[in-house]
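These are the structures, in structure tokens.
Look at the two complexes coming up: subunit A is in both, with subunit B in one and subunit C in the other.
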Partner chain A sequence: MNYVAHTKEDIQQMLSAIGAKSIEELFKDIPASLRAKSFNLPPAKSEFAVTQALSRLADKNATGLVNFVGAGFYDHFIPAAVDALSSRSEFYTAYTPYQPECSQGWLQAIYEYQSLICELTGLDVSNASLYDGGTALFEAMMMALRHTGRNKVILDSGINLIYRTMLYTYSSNLSIEFVEIPVVHGQSSREELYKYLDERTAAVIFQNPNFFGAVDDHSDMVEKVHQCGALAIASVYPVSLGILKTPGEMGFDIATGEGQSLGIPLSFGGPYLGFMAARTALARQMPGRIVGATVDSDGKRGFVLTLQTREQHIRREKATSNICSNEALCALRAAIFVSLLGRQGLIELAEHNYQKAEFAKETLSRIPGVQVKRSSPTFNEFTILLPRHANEVVHRMIEKGFACGFPLGRFYKGMDNYLLIAVTEKRTKEEIRRLADSLEAVL
Partner chain B sequence: MIQIPLIFEQHKQGCRGFTYGPLDVPAAKSLDSKYCRAADARIPCLSELSVVRHYTNLSRLNFSVDTNFYPLGSCTMKYNPKFTERVAALEGFAQLHPLLPQLAGGGMLAQGSLEVLYETEKLLCEITGMDAFTLQPLAGAHGELTGVMLIAAYHKDKGSRRKYIIVPDSSHGTNPSSAAIAGYQVKVIPTGSDGYMDLEAYKKALDSEVAAVMLTCPDTLGIFNPQIKQIADLAHAAGALMYYDGANLNALLGKARPGDLGFDVVHINLHKTFATPHGGGGPGAGPVGVNKELIEFLPISRVIRRSDATFALDYNHPKSIGYIAPFYGNFGVILKAYAYILALGKEGLIQAAEIAVLNANYCQARLKKYYELPFEKTCMHECVFSASRQVKNGVHALDIAKYLIDQGYHPPTIYFPLIVKEALMIEPTETESKETLDAFIETMIRIAGLAEKEPSAVTASPVHMPIKRLDEVRAARQPDLRWKFQE
Partner chain C sequence: MNVPGNLLYTKDHEWARIEGKTAYVGITDYAQHSLGDITFVDLPKAGEELKQSSFCATVESVKAASDVYAPLSGKVTGVNSKLAQNPELINQSPYDQGYFFMMEFSNEAEKAKLMDAPAYQKYVEGLAE
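Let's look at the complex of A and B:
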């Protein structure tokens, strides 16, 4: 199947309009010596055959496990309306809304998305999306470097290791001095931060809840960061913002995060959604597309891509970022998800996550030999200490039908016996009890 | 046409669009208020139907491939087959947590997805003539950044410090921008009067401080540069690497391969060449291919096939640049591209390139009497005109674009490449029929006539859309980037 509509007659007529004898003649600028040396691909298959082959592969994946793995990427329920609306091909087969008159639907949807992200994070401005939570964090860091003209960055080690590793990768040819401050009893160490915070610091970056699930109020630290003239950046989990103190309330300058939890399927790692919000003063440092409201020649409200003099298609090597394609369709899903839930739904979602995780803590703490870490409050994810290597436990639990958590030893030295457990609104009381029973049996 | 109120303007306190039902666990003590937000997020409250109607009506204000001809040059807006959407939505793919194969004992939990990644990499290697791919880059520009970082790692490993990346003045803005973000300075080479990169200027710019040359091929004028091999040989002789911007790969499928042309690093836009939907701006995917010399620097993890025919993640690459994405790329997008490649097969892909080039040349041949063609050559998948003749009567490329919108066409890319004044860059793609092209061409001819006889009919457009031309200066000078609450 090739989705081409041309008949032989069409091709002949078109060639004669061009004045060419054959299609091959149109490729005459490619010298014979530069022609493809090989193009050994399989023959065409029918839609049915491809669908069947790929369905067979889908069945090889284990999606039937009861999932308590989170680690930044969460198994939340997605209302059917999110799929139905984002499947409208007037949305998904369009591209970047360069021409506002025939893209008002997209532009208004992005303007609403930006507004919803501002409202969730308690900040002033947002953009039309970035690739994922990790690249969004990198962009935020770069904003701080440009804004302050400094090059030292302090990272809290409660930031997802995946994101810290991404920051290091992207910075390998840039002169950035990184300092990592440890997490003590699950929380950011004030003492360590103040040891390193100085007038050379461009940015201090935190994650809330942090990788261990712990919730903090960073207001005191953010104040000290500002006293040094540095920017404070938070990587946040949007579902938690239904109840948690916002980055805006804590004084953060920029908030970023992974928006997957807002109605986007886990889909083995992507496509996801990087979101960003910032103070008004930083708007012109932001990366990527931004939609603004304006009026047309009759004075009617309309929406356009704006502040484009930041962007690569105009500023080239001086642009704030090289991003062109973003994750608009995922941003649309997030906007639809949040709109469906509404004020109450969002609080309910956050409450259910918090309460179920608390119930799981309570239930698991009754297992002999299991210690639930309670030094910090948590949102929907928490750490337990096992009497043996978490890897062994995780392995045996898979055999019992559970993805029971993420072994922290994979990312943190000396934490081989620790397991990070996420409990979303999808996990039932019965599943949590079965998790506890199975865990007790394998220990 | 009526305007659609913002979702915030439709807020009605007490309305619910979704509920989670009663909590099935006993309620514990609430979180200490010092960790909680002082006021609820002011998210609008609407019924499910109101939300559905809102977004459905918004969708109807967009032009899209499924509703309109969309010859947006450089973006390859070909038809996106529906069955790939269904495949990507299969529960086994859509609900798979990316960390499962990284768990102890989880090696067998994601075999289907790992096989998709492994096989897609193999197919892309054959299509481009490269030796290995990373599928992790999340978009074309992200692929460029990854590619430039690979180039930097390669030179660093050789102990050489090179400062510059060469780009032609016809390049996509992302090329110099990606180079700069990766820490390089940019040297720009002008385009000669023949439409090709100025070879003398290029030779002058090439020295031992140049890390790489970034080229689009066919270039952004839609032209295949027959000197490409010479350009590559010169770069290699100077110790620089050749980077291939794959935006225009659709023209070359089965005809020529970047690897054979002398390119060392290649990115592909799956959302262009391999028909995955553009999603109103994304998600795309920008896999990066390399030749043997650069494999060791590719991002981790890499997918390998074991001798027992199972698949695994491999992290043992000490020279790898590290993580450029959290996991394995935009898996859902990669999966759709894989399905598309399997469906078309060898012959289908070759025919895609052939008909794409035929369609572009047909548009060029029929329109060149009416519009200035700055470089008269056989074009590849797109043709670039200039509205310079129409400008004499006060009709600019922008006006032509707006008139086309009124006629139900998404306009071509305008004002790019930057080296063509008043550029109109038309990329019809292979999935558009002769009838569609004929109707579009007639419209373009009509516009050329109007520009001479009644220019105001063009410059006043659009008049049939829900809004007229927008005040973009006001949008930039008085930014209104979010809904402001009256409460």
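Let's look at the complex of A and C:
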């Protein structure tokens, strides 16, 4: 087999099959004015020269900084086994295979992933994953709209702005009435929610911990949401679920989130992982693939794609979603990561994160002029108030070797002096002390 | 194929049993047989206003999910809640225990657009050819 596409012979063969003499003749119906004269490409370079040019570009990135940036995506340790197992050729594909039941190993891996997501979120059913945390949240909102037949959605403004923007963009041609309720002292405002919550509300969406790092128990609000016949949706940080109350325990109907923190490297543009779990009653509203366990004609355990009548290849325009690509490889990595840690490991991982962030709060609060916000409990991320614009501080800290945090003014008006700091298990006490020393020096 | 004489039928294989101002609605024996084992049915809500021939329910079998259309216009007055747990009733007893919902129909004249049993029988035989 020839791996070079379009050899002269191929082209001749194709042309003669359709009865054209030349490529020119094939394109003759396109007016000359519309045809490209040239593609303005630079002269060809050798592989070595291209590698050098791209490396020079890559060198412009600041690398090797000690990372205290989170804001939805977190710098967690990834055990080598995750790479080793997920890169096995039997698994190395981005998709669930076509003719899926022929690939029992793959289906089992996804089934395990779904089971782990259910355990983590405390909910009944998980799909085989979605594109990323934002699309998962959008799909959850759409489930609520379909389920309730209503069109009003209340968003907590503590939801990552990226996600809120995605909800607005994806639904810009639908008639959805959005209400955003403000965050008061870092927490979801009960008072504001109850002002807007009514019998027309399809869904109320929270994030926990919220974008400022604040942890909340939404149980009381979820109860009120249900009294109005609406669904409660939570976007959650999976690593935090090692110690925090799960969405299931708080009564949420659907939980979604970004699965990057479960064994997927930080990378601009992904690939990342959207996870989604819901109560059984909503299974048929859930988008994308779901793997089920069954027995074959000999009574042996096997795996199948299930509830496929919700899907686009059967229901076409009535499918639950048409943007439900799953992220099989990333889901596999998450399944391996979570299995390697185990129940106890996940609890310990979450505790490490929590304790290191608490140590960082303690250490940073000693810097004159720095105020650590303590109005709410936090997990591994918290907000500090600086005596000057956070953008300047971030730039100066890069020179000191630190990516010191996310300037909240980028997403929230009037918060120019606020910095959001994430501390994962990878950060040492020594690094946290040096962060504090450098911060004190640049202020 | 069972086609009871006391019902009215649509080309989409729904039936309606008229009792005064109330119509019981379901899908025909032919429909349940074509769909195969039914696993789930999504029913309208009581109080919902339906229009003749408009979408009112979804029936899901191992093979496909199919839309069900209202045989008459009117308001849904109650649904067969047994179907949530026992969708197989549609296969076992399509004209009795497997009915979908009841409605108070609003336009007497619409009945003229439906087929009686002999007409439906003939219609289905025509499909088979």
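The rule we apply is simple: the second predicted complex is superposed on the first by the 373 of 443 C-alpha atoms of A that agree within 3 Å, B and C clash if a C-alpha of one lies under 4 Å from a C-alpha of the other, contacts with A are read in each partner's own complex, and residues count from 1 in each chain.
Following the convention adopted for this analysis, a contact is a pair of C-beta atoms (placed from the backbone, for glycine too) under 8 Å apart; a residue touches a chain by one contact, two chains touch by 3 or more.
Note that the structure is a prediction, hence the values are computed from the model and not measured.
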Request  = Would you sort A:310 into first (subunit B), second (subunit C), both or neither based on which partner it touches?
outcome  = second
- Task: Could you look at A:318 and tell me whether it touches subunit B, subunit C, both or neither (first, second, both, neither)?
- Result: both
Of the two partners subunit B and subunit C, more of subunit A gets touched by chain B
Dual-contact residues of subunit A, meaning touching subunit B and subunit C, are 309, 314-315, 318
As the complex stands, subunit C meets subunit A at residues 40, 42, 45, 58, 60-61, 64-65, 67
Listed in rising order, subunit A residues that touch subunit C in their complex are 149, 284, 309-310, 314-315, 318
